[in-house]
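Both of the next two complexes hold chain A, though its partner changes from chain B to chain C.
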Partner chain A sequence: MDVTTQNLESGACIVRISGRIDASNAGQLDARFNEVISSGRTRLAADMSGVVYISSGGLRVLLAAIKKVKPSGGDLRLFGLDPNVMKILQLSGFTKIFSTHATEAEAAAGL
Partner chain B sequence: MTVDFDGRIITFNPAAESILEINESDLINQNYAEVFFQYEENDEFNQTIFDAIYESAIRHNAVVSFNTGRVLKSLALTTTYLQDKGKDIGVIAVFSDITELTELRDSLKAMEKIQRLNAELEKRNEFIKETFGRYLSDDIVKNLIETPGGLKLGGKKQRITIMMTDLRGFTSMSEKLQPEAVVSILNNYLGEMTEIILKHGGTIDEFIGDAILVLFGAPVWKPLHAEYAVACALEMQIAMPCVNRWNKQMGLPEIEMGIGIHTGDVVIGNIGSKKRTKYGVVGKTVNLTSRIESYTTGGQIFISRQTADEVGEGLVTGARHEVHPKGVDRPITIFEVTGIERGYGLSIDSEEAGRRLVTLKKPISVRMAVVEGKDVGGQEGMLKAEITALSKHQAEVGMGDGFQAGVKAFDNVRMRIMGADGSEIDDDVYAKVLETGRAGTLADANTSADANAGANADTSADASAGANADANAGANVRIKFTSVPEAVRGFLDGAMEG
Partner chain C sequence: METVYKLNVPNRLENLALIGEFLEKSMKAHDIDDCRIYEISTAVDEAAANVILYGFPDGRQEDVEIACTVSESSITVSIKDTGGPYDPTSAPAPDLSDDIENRHVGGLGVHFMKELMDEIGYEYKDNTETLTMVKYL
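Then we have the complex of A and B:
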């Protein structure tokens, strides 16, 4: 799994994730989110286009991140979702918690 | 339980309610994540449901843990991807509570673990037994393993029988052998003897080189300790031809063993410092046993009067000797044991049986000296003498005028022998003096010892009263060889045949 971040002029931040998010690296992803959030950036969009698998533990990391940014008016949007990953988000009810978008532009709009 | 792709739980039966401890009514307007993502422990449960999506073609079975918020349960969970007429519906999860089963399995595992640990412990004890058991008797090892106090220092006084065995002439023999040969002779010999000793309830206190110190009646008290010791000694002597057969097969020299036995009080127990403790004995009895043993030649068993008295009836003895060991106030009587009845039916030939000597037509010139203690070095002090009669193991030696100091029974002597070409064979022969007498009286002498002297027999009837008698120049001595180098052996064998 690889994670890179890109700060936008708007003050939002794109978190690009690629690879499998599983038990072995969920902690690593959690640390990156905490890093970004504690640097003051709470308006986030996660680029999931390179993610083909996310485990239950990985979902928990996303859930924890959005719980941190929501109270201060922030958000965590997801875009570029793989069909299987999308199904997981739907089944687990995550699509009710996260807004999902097809493209980066769509996700960044109004963030 | 069925979950659809809106994250809603669309079926949730009473069994699911009771297992997950969630009321169906609480699920209304809740999505899956809010209910099932509360606890990290539920990751496996969730993952098995997601697996049905990632691999929708197969059914997924797993044993997972589930935190209800109250307890952690073990669930057997099966998840299946649900389609209806080509339309994706969601995932069905069927589960049962196997917490009790898991606990049972865990306790079974724990039980297995205990059994395994027990087996390991047993193995370790077995190892200790095998390691120490090779040297110590089972009794001592058992004592060590089973009684926590068994390792405490200290001891008690007890009347026991002590046996000391030694290979006659082995030290000088081993000097001429390869170390490997010495070790293989000893291992074979000690192995055979150990078995016999343990069979008779003896406790091997220690091996000191080729010597064995054996206790009878300790650490486990046995009333018949003296009898066991004597029977054991006889069987050990009887086993020696077997030991030597093996030696011969391996191209190793033959060995001979002497055994001394004494009965008396000893202090017995764990003696030593905290770091190195040894179960053992101390006391005059131990030293005297060793002295008694030193009077033997190969094949002989000497016991003290105390041991003879303790055994009592059934003991068969040969010659009796009055000896005065160093460090002992007055002379003591020792008995040569040739057998024991009392249901053992063990017997060996007495020393007398081997006394048929061949008188040599031409005496063999020798130089001879009495060996004082263990100091055997040097050529000085060796005086001229001659062998007048000979058998495989014994010889009669006529001493020259130089033997002013006298030679007594049980003295150890060292000699050099003139070979066929008239020059001395450059190797020491060791022998022990069996008896002394006037020239010509020994080779044909009648054995005056009673074959069955009995434990309480009078000491005055003594087969070889010469123990302390002066043997002046011109006297003859009968000796038994204890160590004969190969070169000498060949020469003596030739001389016997004439």
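Then we have the complex of A and C:
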């Protein structure tokens, strides 16, 4: 799994994730989100276009992140989801919690 | 006619990817579609992660055996180990609410197993637990 971040002029931050997110590396993803949020960036969009698999451990990390940013008016939006990954989000009810978008432009609009 | 593939891996989380690769390779050899491969691999990954994370609180290093049986009508994956016992079929239903503040993630792995597979069976015998999951074709 690889994670990179890109700060936008608007103050939002794109978190680009690729590869497989499972119980072996979910902690690393959690640490990266915590770094970003601790730096003051709470308007986030996660680029999931490179994510080939996400387990319940990975979903736990996403939930923890949105719980941290929402109270201060922030958000965590998801974009570029593979259909299989989207199915897992739907199965877990997470599409009711996270807004999902096809493109970065859509996800970042108004963020 | 059925074909059985087996894999033994040490009970370490880094081997979850290996299990996924093994399943994909086994099923692709029989032209199983990508969607089914993904669903089965997800269910097995969740089950195997539970075994590795929670099945050996004493820190024992043991092998976990994954068997994938492909027939014309179904795919059966079993996970056998000397950890546990933990019967995921008796786990409570997860919280699927959209209440961000109070939402918890517990139980999602078992939920995926139950939703993505058609049958789940669990047996604990002679200090060995075997979880068997079946997907009909």
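As a convention for this text, the second predicted complex is superposed on the first by the 111 of 111 C-alpha atoms of A that agree within 3 Å, B and C clash if a C-alpha of one lies under 4 Å from a C-alpha of the other, contacts with A are read in each partner's own complex, and residues count from 1 in each chain.
In this text, a residue touches a chain if its C-beta (ideal position, glycine included) is under 8 Å from a C-beta of that chain, and two chains touch if they have at least 3 such contacts.
Only a predicted model underlies this, so the values are computations on that prediction, with no experimental measurement involved.
Of the two partner chains, chain B is the only one that A:Gln90 touches; chain C does not reach it.
Look at A:Lys70: by the touch rule set out above, it reaches chain C but stays clear of chain B. When the two structures are aligned on the shared chain, A:Tyr53 is found in touch with chain B and with chain C. When the two structures are aligned on the shared chain, A:Ala23 is found in touch with chain B and with chain C.
In the superposed model, A:Asn7 lies in contact with neither chain B nor chain C.
Once chain A of one complex is fitted onto chain A of the other, the partner contacts of A:Thr103 are absent, as it touches neither chain B nor chain C.
On chain A, the surface patch touched by chain B in one complex and by chain C in the other comprises residues 23, 53, 55-57, 59-60, 63, 84, 88, 91-93, 96-97. Taken together, the chain B residues at the contact with chain A in this complex read 3-8, 31-34, 36-37, 40, 42-47, 49-50, 53-54, 88, 90-91. Here chain C touches chain A in the complex through residues 13-14, 16-17, 20, 34-35, 38, 41-42, 45-46, 49, 52-53, 94, 96-98, 100-101, 103, 105, 108-109, 111-112, 115-116, going by the rule given at the top. Against chain B, the residues of chain A that register as touching in their complex are 23, 53, 55-57, 59-60, 63, 84, 87-88, 90-97.
Against chain C, in their complex, chain A makes its touches with residues 20, 22-24, 53, 55-57, 59-60, 63, 66-67, 70, 84, 88, 91-93, 96-97.
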